[in-house]
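Structures are listed in the sections that come next.
Below are two complexes that have chain A in common, paired first with chain B and then with chain C.
Moving on, here comes the complex of A and B:
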């Protein structure tokens, strides 16, 4: 990614460096250089907002505010100490803002530009092409916490609950659950190597690595999940699986199409491919009355309900549908009912794995 | 957090968002409308003073700048600003303190709660009471500091004058 190269050079070289390596970078953003003179944060935000608007960059003001705030060490512009709004910026700060803004001009998502984003009160590292957590997904975590908190789980040598996350991405869901459920343990799987690495890194940054197992795994791949059984039956399966309808993929914004992994988004023809795989394997991994929590497309509650009815062998039923803060049906709670059919878990051979961090 | 921020958003974005109760389950505020007269004893709060009058969700109008579009995975918006309006009083709060919509919603409610308190209770609002108390403490500290200073000054004067008296005595004794 061209933008990453530029940003890396900016941070390594420091202020004042000129020369051939900067040539191409400079020529593309020289027209946007602010008028020389002492500029403060507020003026810089106005300056870049105007440029973004002119270039058709969505969320012109928000983008500009986040970038300037970030360079000044704050998470949002509003949370900056007011005195900083009117203080002149240093040449180094101006240069950083220039660099980051040029990435925005290439439609890079703000979260990748900043290299971090917040989720459920945690600060997570972000890196393309790993999927950026969406604000709706915070509500998925809230719902899981509500359901789990009142029910004490078997706390023995192992602690609980034991949670499986399918498609962990940056680790947002897993790590926020671990953070708010101090006794919980999580198995986080993803088929993308970049996701595995990023989740590991975020787990270590947040010092949660002792309670999470991060496993490269493609749940759609036949039999690949079988070794998960050796961890024992799980209390919960949580997922924000790729659920975009394939035909809708091309309509996604350039921010998404050009930078995020399409495999994290594309759910196939009716956006159901990964969802149905998760639902098919869940009964074999869950305890009796274990739960599945999913984030889905607003068209899915009906489709999933219908699909579950066509699969009575799974012993799953749709318990509840919950809306997101924009009023769209977004989250499903599905429960497994009754004992497992076929091979019960305790018949599977295999020792409990040693507690290996990460 | 000015009213002009509220006017910035085009009409179609306005929506009356009832907060799903589940979302607030863990810290659900008591439902009281500002018009209800409530004695301090009825309000749960800290031991030393009553809590702020809670906001009635049905009297609030909330906007998230999520815009149109499918939402969820199909969208990547960073505009997590929350604009919250208290309809009976017309007070508006715009909160973009954090990167989380959820957090901003909670903060916006807290800030609006205080503004509503001041609006209806004026001088008697908790905010004003706290301010007066803080100011009072500050004045008391100033007063004490001044008194201490004056004491020191008097002591010094006494000491100076006693020195002079001794000096005169020794001069006399010559």
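Moving on, here comes the complex of A and C:
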């Protein structure tokens, strides 16, 4: 939070005080070689990459490139107009870069430093401590789209599938589904106040606020979900719930531990706490043969399969397990009602399908 | 024009005779050209066939047929005019000579045109292309030269109204260019640029030279066509996918900005 304070002061300081801030910024700076007057973008990237590497900051070059590109108004360093690579930067730009880089030196994730990040082609605002969407989750959205798109949905009040997202965070999953399924409607719930605000803000930025209802809700607290029933039975439940095993939490990188909400990550002893709650309440909210799509830890497909078998009262069965682009089983498709069947596995892209007990 | 009228009247009176042996034409061009267009030869037969057939056999078929027709008309005109060379009237003879000379020139031009039309255009002529320039021998001077060349190509593309997008640009300290690449697209871009590839050389007194000596520097240009459609079938089993996120648990456990994926094509080890 201290880093945000400094950034805020820098941005709020008026022109008269800028000189003073500039001077103090330089005096607290420990350059590795003297700064020879005005640098251009390429030199600045090398400069900061060297500093990050020395301090053991992971992704030294990528971080440096993103920060410099952001200050110069581009999303990536490579997409900057080549002429900008060799032009000297203004003192204001240098100061911004210095401030942002000092945040990076404190292991702030790049996404929080830039304040925005892309997901499924959408630009989303990012703010700590709201969970930063991971690239694997994009594949969850892809899978949902594959399953949903071919089937015309029963026309409700407005038509299109009604989707519930549990743990919306920044709104990444909900908003990409809304964006790519123009007839769909989404109810997004999260127990974090910051997530509710951020999802709302992102929905407004993307002008999708008319088709999304954002509700503060803790699915683990008894009976809290009852009022969701008033929206009617849902076609889909989708979630990237906290699934990190509790004992693995302390091994996470400082970027995650110091800045992201642990409640968005910690899934309890076997990472199953939130997952089991979602699965327990889903049958009461889903239509017949409605689906649940989850992102999970690679150890979960077996655990979830076993757990579902122990709860025949839920009438849920594991339809498919899909692998992420690293070849790990990452996504589950669970369907409501119907007898227990065998569980075929989507192996994508790896050649070895996992066998799921069914 | 009175002389032309006279000539055309005279020609009509001497309309060609269809009977009789084939005449040897007065030479209209180089011996090779004549041989190529010899009566009864394969080229003539082909052109006659093209003229006869209804369908357009290749892209430039119609143009070819038109030019071939023009050629045979001109040759006929020439033949008719030749008779006038033996006329009693001297004026008419002179006119005929002039006419024959200009006719011969036109016939040679038409033959050259036919040959050009016969050369099939490359499939890739219409493609977009990637232009790569690299400074060669000559240090800073070569890099300055490369910068000038890249600039020239950029302006040429603008002149031709092609789309020009710089992909990479690695400048040198004094405003030169080490290496750059650009994507160029537009009408017949590749066709015009394809012969630019190779090593270009400049001999001049460089900006960096203090004593006024001439230096030779080089730069290389590479032109790579970018066809719009490529049909490629890859078996997913031939691919191995390596990712930076591959180690560890991935997912929520990791937050990186680089989710780059490297795909290795196993049979060729190409990635």
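Quick note on the criterion: the second predicted complex is superposed on the first by the 315 of 358 C-alpha atoms of A that agree within 3 Å, B and C clash if a C-alpha of one lies under 4 Å from a C-alpha of the other, contacts with A are read in each partner's own complex, and residues count from 1 in each chain.
Convention: a contact is a pair of C-beta atoms (placed from the backbone, for glycine too) under 8 Å apart; a residue touches a chain by one contact, two chains touch by 3 or more.
All values reported here derive from a predicted model rather than from experimental measurement.
When the two complexes are overlaid on chain A, chain B and chain C occupy overlapping space and clash. Once chain A of one complex is fitted onto chain A of the other, the partner contacts of A:330 extend to both chain B and chain C. When both complexes are overlaid on chain A, the residue A:62 reaches chain B and chain C alike.
Judged by the touch definition given at the top, the superposed model places A:322 against chain B, while chain C stays out of reach. When the shared chain is aligned, chain C comes close enough to touch A:86, but chain B does not.
In the superposition on chain A, A:135 contacts both chain B and chain C. The partner of chain A that touches more of its residues, comparing chain B with chain C, is B. Contacts of A:252 after superposition on the shared chain: both chain B and chain C are touched. Look at A:312: by the touch rule set out above, it reaches neither chain B nor chain C. In the superposition on chain A, A:75 makes contact with chain B only, not with chain C.
Working note: chain C versus chain B after chain A overlay, options 5-13, 23-31, 185-193 or 203-211, clashing stretch identified as 185-193.
On chain A, the surface touched by chain B in one complex and the surface touched by chain C in the other have residues 59, 62-63, 66, 109-111, 131-132, 134-136, 240, 242-244, 248, 252-253, 255-256, 260, 264-265, 295, 297-298, 324-328, 330 in common. Within the complex formed with chain C, the residues of chain A that make contact are 58-59, 62-63, 66, 81-82, 85-86, 109-111, 131-132, 134-136, 240, 242-244, 248, 252-253, 255-256, 260, 264-265, 295, 297-298, 324-328, 330, 349, 351. Per the touch definition, chain A reaches chain B in the complex via residues 59, 62-63, 66, 75-79, 109-111, 117-121, 131-132, 134-136, 138-139, 142-143, 145-146, 149, 240, 242-244, 248, 251-253, 255-256, 260, 264-265, 295, 297-298, 322-328, 330. Contact residues on chain B toward chain A in their complex (touch as defined above): 15, 17, 20, 22-23, 25-26, 64-66, 70-81, 95-103, 105. Those residues of chain C lying in contact with chain A across their complex are 166, 168-169, 171, 180, 236-237, 239, 241, 243, 245-246, 249-259, 261.
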